[in-house]
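Read through the structure below, which is laid out as structure tokens, and then see the notes.
So that you can tell them apart, the chains are marked A, B, C and D in the order they are listed, and the count of residues begins at 1 in each.
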Amino acid sequence: MSAPSDSEKDSRPRCVLLVACRDQPGIVAALSSLVYDGGGNIVDLQQHTDPVDGAFFQRIEFELDGFRLDRDELRHRLAPVIERFEMACQVRYTDQAARIAILASREPHCLHDLLTRWRSGELPADVRVVISNHPDHAGVATRFDVDYRHCPVTPETRGEQERLVSSLLADADVDLVVLARYMQILSADFVSAWPGRIINIHHSFLPAFQGARPYHQAHGRGVKLIGVTAHYVTADLDEGPIIDQDVTRVSHRDDVEALRRRGRDLEVIVLARAVRAHLEHRVLIHGNRTVVFDG
Amino acid sequence: MSAPSDSEKDSRPRCVLLVACRDQPGIVAALSSLVYDGGGNIVDLQQHTDPVDGAFFQRIEFELDGFRLDRDELRHRLAPVIERFEMACQVRYTDQAARIAILASREPHCLHDLLTRWRSGELPADVRVVISNHPDHAGVATRFDVDYRHCPVTPETRGEQERLVSSLLADADVDLVVLARYMQILSADFVSAWPGRIINIHHSFLPAFQGARPYHQAHGRGVKLIGVTAHYVTADLDEGPIIDQDVTRVSHRDDVEALRRRGRDLEVIVLARAVRAHLEHRVLIHGNRTVVFDG
Amino acid sequence: MSAPSDSEKDSRPRCVLLVACRDQPGIVAALSSLVYDGGGNIVDLQQHTDPVDGAFFQRIEFELDGFRLDRDELRHRLAPVIERFEMACQVRYTDQAARIAILASREPHCLHDLLTRWRSGELPADVRVVISNHPDHAGVATRFDVDYRHCPVTPETRGEQERLVSSLLADADVDLVVLARYMQILSADFVSAWPGRIINIHHSFLPAFQGARPYHQAHGRGVKLIGVTAHYVTADLDEGPIIDQDVTRVSHRDDVEALRRRGRDLEVIVLARAVRAHLEHRVLIHGNRTVVFDG
Amino acid sequence: MSAPSDSEKDSRPRCVLLVACRDQPGIVAALSSLVYDGGGNIVDLQQHTDPVDGAFFQRIEFELDGFRLDRDELRHRLAPVIERFEMACQVRYTDQAARIAILASREPHCLHDLLTRWRSGELPADVRVVISNHPDHAGVATRFDVDYRHCPVTPETRGEQERLVSSLLADADVDLVVLARYMQILSADFVSAWPGRIINIHHSFLPAFQGARPYHQAHGRGVKLIGVTAHYVTADLDEGPIIDQDVTRVSHRDDVEALRRRGRDLEVIVLARAVRAHLEHRVLIHGNRTVVFDG
């Protein structure tokens, strides 16, 4: 029963290129030749072309074993390809874990779940800090050996508290902010400081039931399925690019409390899937939509 | 491989009581005693109490074999129980198939599917007429040996066409109107003439994407699941009580046409499930929601 | 955001009657009259009749507020009804939490999940002891403030270890044993001491992939969905009555480790659903199958 | 509402290369350069590497608009690449519809569904003949304007009938044989004549419930989900490579007839999905498993 953990599996480092540009012939040939000439072996290649606007997206993952270019040289060789195709190109290495912060309010389930997955090696990340407007999760954070910052907030101290949170994130130098049922609305300034780097879990099947108390809204409308949505946060509340969604069946027997209970299991799983997709460099933002390559 | 059809299974007639009233002690005892005293055997009993508003709903199905009360006598015996508990009580018999009309526009898939299920004995109904604003389905109707009425419509003839449809429904004396992708908006007058007796299939996961072109809306929003909703039609477009919903997973690879194709399979199944639930007397309307007992 | 917990909701005590007998007229009338005469209000009533063997099953839940019979009197009044219909009848009270033991081996996810749900008030139970053949979970048990017993086992000490486990269960006087990924095979003697009172989670969609290493088996067979099964344990390994099952989609991209990771999320949820159904007195065993009433 | 059909969408011809070989550096570069040098634009590229046995699979789809090599020249240019990497390489063109035969027994639902999808342009195929051991579907075939051959069979005439079927398939020169609930067991000789070119729908979640009467088996075992499996047919009954599977939830309320009814909706959809995947050149066989690229 001694299972090799996911993290062991990833121990041989790989490089991931995440590319977006206008569709045109020759992109695959140019990038795959560059990798091949350097001695790399491509282990995953996925692409997507939007037939409407002609946008092109590609993910190339190749092994660094036997790859003769160091990270500077690769950057150097990529430069003319990027220029030729007018690409946006992210270069990621699987041995560089993303630094993440988790923000939570009172409800603990998403926070606990992410910490558990992180400690079991399921999430390729380094959780630097947990921030909450409630003191409740300090014990949990201690248990998982992660820094916990309590940033209480009142209607009057909203701006001040957000500045404190911002400075904590800056101190921790994080790459990704995960809102694990963090119920405070973020200002446009805050959001614009982290473009495509804040993931939220909303407890409805967006765009249905935007805003507050979605399980109450769902109960009132009498839906037969409830859902949850993981999305990047933008300045428009609950309208950012969707990364993942899922639903579960409910019935007239389920009151609001039962919806909340059923929903919790969904929230946990969908948020974890979305965070994992982001951390594995499988998500590209395309306007208000996402391209999520298979994991 | 000679499968007994569903209709054979139902050949021994049964009675279904569908009850709604305020929750209070004694309802089950009163109704079950009445059935027992008449010599009936209850084969299904389901109930639901809404804890918020105290509404009570019950479905009792019992075998008529050995039941000594004829249909008039049953009605007579029920009267004091109905009065005592201030019930709304529907009395249905499984040997009395509901008469239904199917309305369709250009897309054929829901229409074909309902006719196929009907002819295979899966729907306990008598399809009296198919009405369409397009001439295309006449051949299909002939094949299934059902009356077909072509009622063309233009923006100018809307009211007139609806009156024609109304009179055809009246002539056919139908119990239920099924909108099988019928794309004409019905007037408030039309709808109010058939309260709780018009079922529509909307090609989105309501309340998301109400109104026109939901698959375009879904594509534009970048959702990761698309859905469909079967609901009773009320005067408020796409806002009637929901009977059933379902979803299917989509991805960035799916353009609008692919969503439409994936959605068709859902539309067919969810509409058939909702119509079947209604025809089996398993649906009660509760404000703008439904109680759907298990089938 | 102050959610009333599930346990608060259940704070007004109720009685549940779980009945099994041969189908015959008058059962509903007899039981519902008994409840009504005592002043009880039925809040849930579900029944099932097996058309093949004529077995009848019923669950009646009624409020004890205003019910004039105490627990002895109810037992007394039920006796003649039980005799008349030759019933098996369980009488449960929602204010008497079941005492449960959780057995686990190395993998922690199901254990952690059950303890978390228990402490959040989601499971109406009293977890008396956690038993494991590994020492790893002692810290977790301490955190959740529950007794932890480490019962190591070797191929030579199997019988002895099982006797130790048995005596711990007896000491804790438990009503239900939950195997939360406990990988030791139980003897027929052990199993027969807890008929219908041991729930196991098997990591395959039974009856596919019985026995050891089901994710390896699933990968080898190239299935496109993997599943899990919660079932009562009988003397026949992996063949006891199924309480709940669920599946998730996989693809050629998923190696055994990925199946294991995807499976874990299913195991947690399906085991929790099955345990909850049992604890809410919604499960009846019918030969090698179960009747699971809606929750 | 005038929807462009799927077939219109595909009207600009494309070429698909389906490649299998041992994993090694340079494959992507070689193939993508070949396409690029010919003036082609790659619109889809998916690959899979099996980490256990080092097998490599790739699908490249490129537009023929602007591609300067004709079909002979492409074959010619591919030859050295195929030799260098010891590839199996299928070259498909989307303007060459596969010729298919559908075999059915008594149950009509899968046959009707495939014919309907074909006629609506959803399946890129040319249905050449429908063959059945029952006379029942002749009218349907006429309606859909497809050749119908009735090949009755008795236990004594099995071999003879199969030879007749074989000769009809040869006459129709089909590329793919679809068993749409065809209940006759095929001989090893027949199967070996169509390697990877016979698709069957089995009405269980294989490997559970292999063999006859799977819905009866499922009911007897008391499963809480039933499933269906589309697979390539091999000499081992119900053991060929799985293309697609799906399940639906059932309960103690569902007798065998209800399982059959619920199962029919699954059979139709899963068979259609599998046939579509095959016809879109998205399936590669890998031992007893399949690689199914996204559609």
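As a convention for this text, contacts are C-beta pairs under 8 Å (C-beta built on N, C-alpha and C of every residue); 3 or more make two chains touch, one makes a residue touch a chain.
Here the structure is a predicted model, which means the values were calculated and not measured.
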{"item": "Chain separated most widely from chain C, comparing mean CA positions", "value": "D"}
{"item": "Interface numbering overlap (same over half, different under half) for chain A and chain B", "value": "same"}
{"item": "Comparison of A-C and C-D by number of C-beta pairs in contact, larger one", "value": "C-D"}
{"item": "Centroid distance [mean C-alpha coordinates] between chain C and chain A, Å", "value": "36"}
{"item": "Chain C-chain D separation of Cα centroids, rounded to whole Å", "value": "42"}
{"item": "Chain C residues counted as touching two or more neighbouring chains", "value": "251, 253, 294"}
{"item": "Complex interface listing, chain B residues touching chain A", "value": "48, 51-52, 205-209, 220-225, 227, 241-247, 251-253, 255, 286, 288-292"}
{"item": "Chain B partner contacts - residues on chain C that touch it in the complex", "value": "23-29, 32-33, 35-36, 39-47, 49, 66, 294"}
{"item": "Of chain D, residues touching chain B in the complex", "value": "1-4, 6, 9, 105-107, 109, 112, 116, 120, 122, 143, 183, 251, 253, 257, 260-261, 265, 269, 294-295"}
